[in-house]
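Look for chain A in each of the two complexes below; its partner is chain B in the first and chain C in the second.
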Partner chain A sequence: MTGATLTQSGGHHALRFFLLRTLQFIAVLATTLLGLVAVTFFIGRIVPIDPVIAIVGDRAPPHVYARVRQELGLDLPMIQQFWIYLKKAISGDFGNSVLTTNPVMTDIINVFPATLELATLGTIIGCLVGIPLGVLAAVKRGSLVDQFVRVLGLVGYSVPIFWLGLMALLLFYAKLGWVEGPGRLDVTYSYMYTPVTGIVLIDTLMQGQMDAFWNAVSHIILPTCLLGYFSLAYISRMTRSFMLNELAQEYVIAARVKGLSEIKVIWRHALRNAAVPLVTVIALSYAHLLEGSVLTETIFAWPGLGQYITNSLQNADMNAVLGGTLVIGTAFVILNLLSDLLYRLLDPRTR
Partner chain B sequence: MTTKPLLEVEDLRVRFHLRTGTVEAVRGVSFTLGRERLGIVGESGSGKSQTGRAILGLTPPPGEVIAKKLTFDGIDLLTASKRTLRTLRGGRISMVMQDPKYSLNPVMTIGEQIIEAYQAHTRSGRAEARDKALAMLEAVKMRDPARVFSLYPHEVSGGMGQRAMIAMMLVTDPDLLIADEPTSALDVTVSMEILRILDELVAERGMGLIFISHDLKLVSSFCDRVLVMYAGRVVEELEAKNLREAKHPYTQGLMRCLPTLANDVRPLPTLSRDPAWAQ
Partner chain C sequence: MKKLPKFFLSAAFAATMATSFSAVMAATPPDTLVQAWQIDDITSLDPAEIFEFSNSEIAGNTYERLINYDPKDVSKIYGEVAESWTVSPDGKTFTFKIRQGKKFASGNPLTAEDVVFSFQRAILLDKSPAFILGQFGLSKDNVKDKIKQSGPFEVTMELDKAYAPTFVLYCMTSTVASVVDKKLALQNEKDGDFGYNWLKTHYAGSGPFAIRDWKANEVVVLERNPNSDKKTPLARVIYRHIKETATQRLLLEKGDVDIARNLNPQELEAVAKNPDIKIQNGPKGTVYYLGLNQKNPNLAKPEVRQALKWLVDYSAIADTIMKNKGEVHQAFLPKGFLGAINDNPYKLDVAKAKELLAKAGLKDGFSVTMDTRSTPEITGIAQAIQTTFAQAGVKVEIIPGDSKQTLTKYRARQHDIYIGNWGADYQDPNTNADTFAANDDNSDNAKAKPLAWRNAWDPGPLTAKTRAAVLERDAEKRADMYRDLQKAVLEDGPYVTFLQQIEVIATRKNVDGVVIGPSFDMNSVIQAKKN
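Entry: the complex of A and B
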């Protein structure tokens, strides 16, 4: 009887908690995005670039200039412009890009998967290589492995990514011919599949176009390894310092007293504790790759979000910049939520 | 009981080679231990904990352990392979540490940690290990073993945590238990309870016990024999009941510092150290 009521109230409690969390998430997302739109919008209006000239050119007669200005709504007070933009944005209309003339939404749906593909693979490589390297460096502190990881991290921090990208292209594409060059896919394969998710690797694989798939793999390997390297430089350093901290804890000695093998002591006891702060580090590094692989995308002619935003900025295409910024902002909030959830999963003290 | 001693330690030295020079934390400790209770007392830094760690082969790097003799049940601990040492650790020699808040892994349930200790030394299935862990939790007088089994260390009190620690370290039925200040992090009433449980289990299983503490009174009431350590050396070894007949000025000094109920001594004498003791 009491047991039954207990579970019932427990279930009720969990439901309420879940609802509360969802509401909280929506509130955070809404506030973040609103702030982001406001800042980007007003900066976009204040900067001394004239979107009208960007459209009509600097030799257009004054009446044409005035008409376009009115069409764009730029003659209205700024607050009113903002209000109009917000109303449209809520219904999913972010305006048209001046550069591509497409709706910004359509453009982003086209470019975002390319960046997502690159950043996700880069982060996976960063974790798969960076975490074990960091653990090894911490366990064998001061050894050759530790020095190697230190140098690897230092190079990762300090060498410009565009230089490393160019060198990689020069060596593996131009000289050795091991991989395909810039771009996502050779033109020959471009029409062999229909884009569904927009992620070429998944689309080609799902549709059984193995030739196209391997071509895409060959294209993505260099840029993804490059991003993976930068991500692993960071992740391995952080893993090392978190692990050093955990290895000095008493429970590690207790685990050794129990007669556990060193492998279990390190990977099961210490790393499981180090994984908690590591989640945040990985999420941040992932978000960073999502927003900021502009240079990599430029060098590898990768039609991604970074390149799109940069091009738009250079052409005073503020609608596109705003749309792109919002996507990145949303990605940040979602990654934050995910790392929050993972945190709860990994650390019972935060439940 | 047995004539052959469980543990023989002769001229044990623990050295740390640091950048600033070599520090000798333990400087020639010798003793033998049967299935009895040996207390090691001394102030912080006297080398008592490092003695315990050296027996377990867990001297932290860059430490070095040297001894004329360091054997457990005839096994030379200095030359034994890592594998042998690992089967001894947790299997036949165990250690209860000071503060359960730090010595239990915060992200594993208590049950999981006990099971792990058991399975490291027996070929047993999950169900058997679980039963054993629950029985052990009951043996340390947990009121609701099944519930404690699935709790995380931060969800239990200090006293319960220390009982869980004892359960974890005794689940494999070791022959020797090293208790390194097992009650220092607990308040007085709880620590009496822990000592009672420890006392019962050690007696029941006929284990040897090394009880490390800075509390002379506690050690003398709990153990058969007491080693008094000072600056890495044993300055005095005596039967616990003969504590009053201590000859070394350090032990005598320690005894004098204790307040008594009968006569009110004001101010309480403090210990004045003689550099010659450390020689």
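Entry: the complex of A and C
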């Protein structure tokens, strides 16, 4: 075969793969979301909390209570309630949150960027620091470096984020004054820009509000470092074990015999292969942060998805909980697809 | 969720806080007051619907009511939007003269038309607090005839009975009696909703501050209303939603907020030592009580109800768990209300309790469950009560739960003992008498479900006495009637009332003029200033 036909058939192949993947993705997304909605919906209806109280309060006269109960459709059989919800959801109406009174999707559009901002930066920090540390620990197995990385990982695993967050605030915000405190922006800057993407760092930068931008940076450093540390703890441990696995392979010995420099052997050959399973690890860790780290958001007064869903759950605000669950479910499926695609790029055997 | 043992946290805190803060001090702008507060209870900003703590306070600073009272002396009632009022000889018709020259924040003049509109819309919308106005016989069908404009600055209101005038007037001081800008509300009306869907998130009032912004679970911003006849020293008040109390404390100590609203007793004690911070408090019209479900055969015995009242260490709870946040109080009317009694006859007396239990045929005690909201305070109270109850052989099993969850159970009368707190809906004694001492129908599907109903208690003749007290027009006689009601409930009622709430706030030293009133809608920042 000539080189030209090779690429052509390769192109066809890629296209077919892409189409197949897209169809598969839609199918997976639809079934996942349907399952999620069903489970969340029925759990929400079984929870022994009366959602009507969240709307009318404890003092409402009985007739007001009864009216709202009827408005919510809670007097209908559960299956019928589910069917009504599903029909509306398919047409894009996820109902209103009873707590904020906004349509659920409006609320999520408001809170999700805050979480996205934190989770993305946290994951970037986790990767940038965690992968090299993991590689180092694997290469220098049993050395002081390895021990250090192990302890670092262990601490990240076992210390409650709640406590670490408060301590970090006490030290860097209250005592040293190096960073700004809880919240996304100082009140003075809050009205200096128009929210467009909802991500404060991007909005302030695009509108040239540099003071507000640096203030936002100063606010976000601590929570992202904290989340970064937790994802680093996980990523470095996983990198280490994947690397150990790769370093024991014959191709590594072969590369060394060929006389390649140790740097090339480790970073180009071994890591390249370890990267394949690592992608899944990173995607999972990112998805986990996207769920919203409730405790981090609470301590840092960060109005994100985690706080929103928890608060809604405590008030049996089921529309909000369902909406939030759907968004997280979608994020999981998308990240899964992305890591699948990356797999193919990184691992020629899967092509 | 991961939770740390409390001692670990506080020890770590104490160690780090022991050293002083750095000189780098953040500060809030001098014309802006920033408060850290848990404001996730706000679901609406429409005065016809507002009925939670946070939004009541915001309404109190941004809307004007027909009548108001002095937060320092509740008995001093004065006209706010009303200039004066008269009551017809038969006691059934109230005529209010409206002050002239008032303007809404929108610039629209405030007239009798706005007052009539506001009251009518509250009844017609029929949201939770509408009953406060509805109790005078106003309903959707008759409100247009009963509340009428009788001149450009005069409103008349016709009642179904000759109620005690103070009862009527106190109801006019509640948030639901706020005056709404008719023109502005109707400009935003949709499908005949009197502007309700718009007003839920917007503002149409005449108060000293105007609501500029509300982001749910994030922030409420008030700004000075230039059209108001009361000039506020501050240009802006910002309420930041800070859920975590430790975070509130950090922000306050650092100077990034001027007031922290939800500090717990330990945190209050710690910040009190900071020379830049001061503590301010005021008694609230909220009482804490145990509700004893009379469907439980043991709790239904009068001697058992009595015994349990002798088995609470009242002062220990007030002095430790609720230090700075409550004082011993045993009657159902909070201190400050007409006729409230404060003699607190009960104290911890195990011998007496044992005697009473023996009389009830329960000499070895009995087992009972207690539904407890898992907040640190309520859990602490529950544990203290568990300990003292055990001394007479009453074994309490604490069932922890989320607040809405335990409340759902309580409202369905499925508890044994419930730890509740009850805040007055308005400043007249009928508000608590009506719920603690009256129960018109104790059957499972009753129409009205007061606290007496929730505890399955039939107060017998007390119900009629409560209904009579609200019609007594002589203030002294009326006060006596409420004293009798409280004594009867203290003696025999299914409630062990043990505490009256004190609201405490921690403020920066330079903040002055914040008023902590007896109810949440009387917490005022109108005269607040920063030196």
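Here is the rule we go by: the second predicted complex is superposed on the first by the 331 of 351 C-alpha atoms of A that agree within 3 Å, B and C clash if a C-alpha of one lies under 4 Å from a C-alpha of the other, contacts with A are read in each partner's own complex, and residues count from 1 in each chain.
The rule is simple: contacts are C-beta pairs under 8 Å (C-beta built on N, C-alpha and C of every residue); 3 or more make two chains touch, one makes a residue touch a chain.
Worth saying up front: this structure is predicted, and the values here are computed from it rather than measured.
Applying the stated clash criterion after superposition on chain A shows that chain B and chain C can sit side by side. When the shared chain is aligned, no partner comes close enough to touch A:208: not chain B, not chain C. In the superposed model, A:181 makes contact with chain C only, not with chain B.
In the superposition on chain A, A:92 makes contact with neither chain B nor chain C.
In the superposition on chain A, A:77 contacts neither chain B nor chain C.
By the touch criterion defined above, A:308 lies against chain C but remains apart from chain B after alignment on the C-alpha atoms of chain A. More residues of chain A lie in contact with C than with the other chain of the pair chain B and chain C. Within the superposed three-chain model, A:102 lies in touch with chain C and out of touch with chain B [touch as defined at top].
Minimum Cα separation between chain B and chain C in the superposed model: 41 Å.
Touching of chain A by both chain B and chain C, each in its own complex, is seen for no residue at all.
Chain contact summary for the complex, chain B toward chain A: residues 56, 58, 86-91, 94-95, 97-99, 102-108, 116-117, 120-121, 152, 154-155, 165, 168-169.
Those residues of chain A that touch chain B in the shared complex are 249-251, 253-261, 269, 272-273, 276, 346-349.
Taken together, the chain C residues at the contact with chain A in this complex read 1-4, 8-9, 12-13, 16-17, 19, 21-22, 24, 26, 28-29, 32, 34, 40, 43-44, 51-52, 126-131, 134, 200-201, 215-219, 238, 240-244, 246-247, 250-251, 253-254, 256, 402-405, 407-409, 411, 425, 447-449.
Listing the residues of chain A that touch chain C in their complex gives 47-50, 53-64, 67, 98-102, 107, 110, 160-163, 166-167, 169-171, 173-177, 180-183, 186-188, 190, 294-295, 298-301, 303, 307-308, 311, 314-316.
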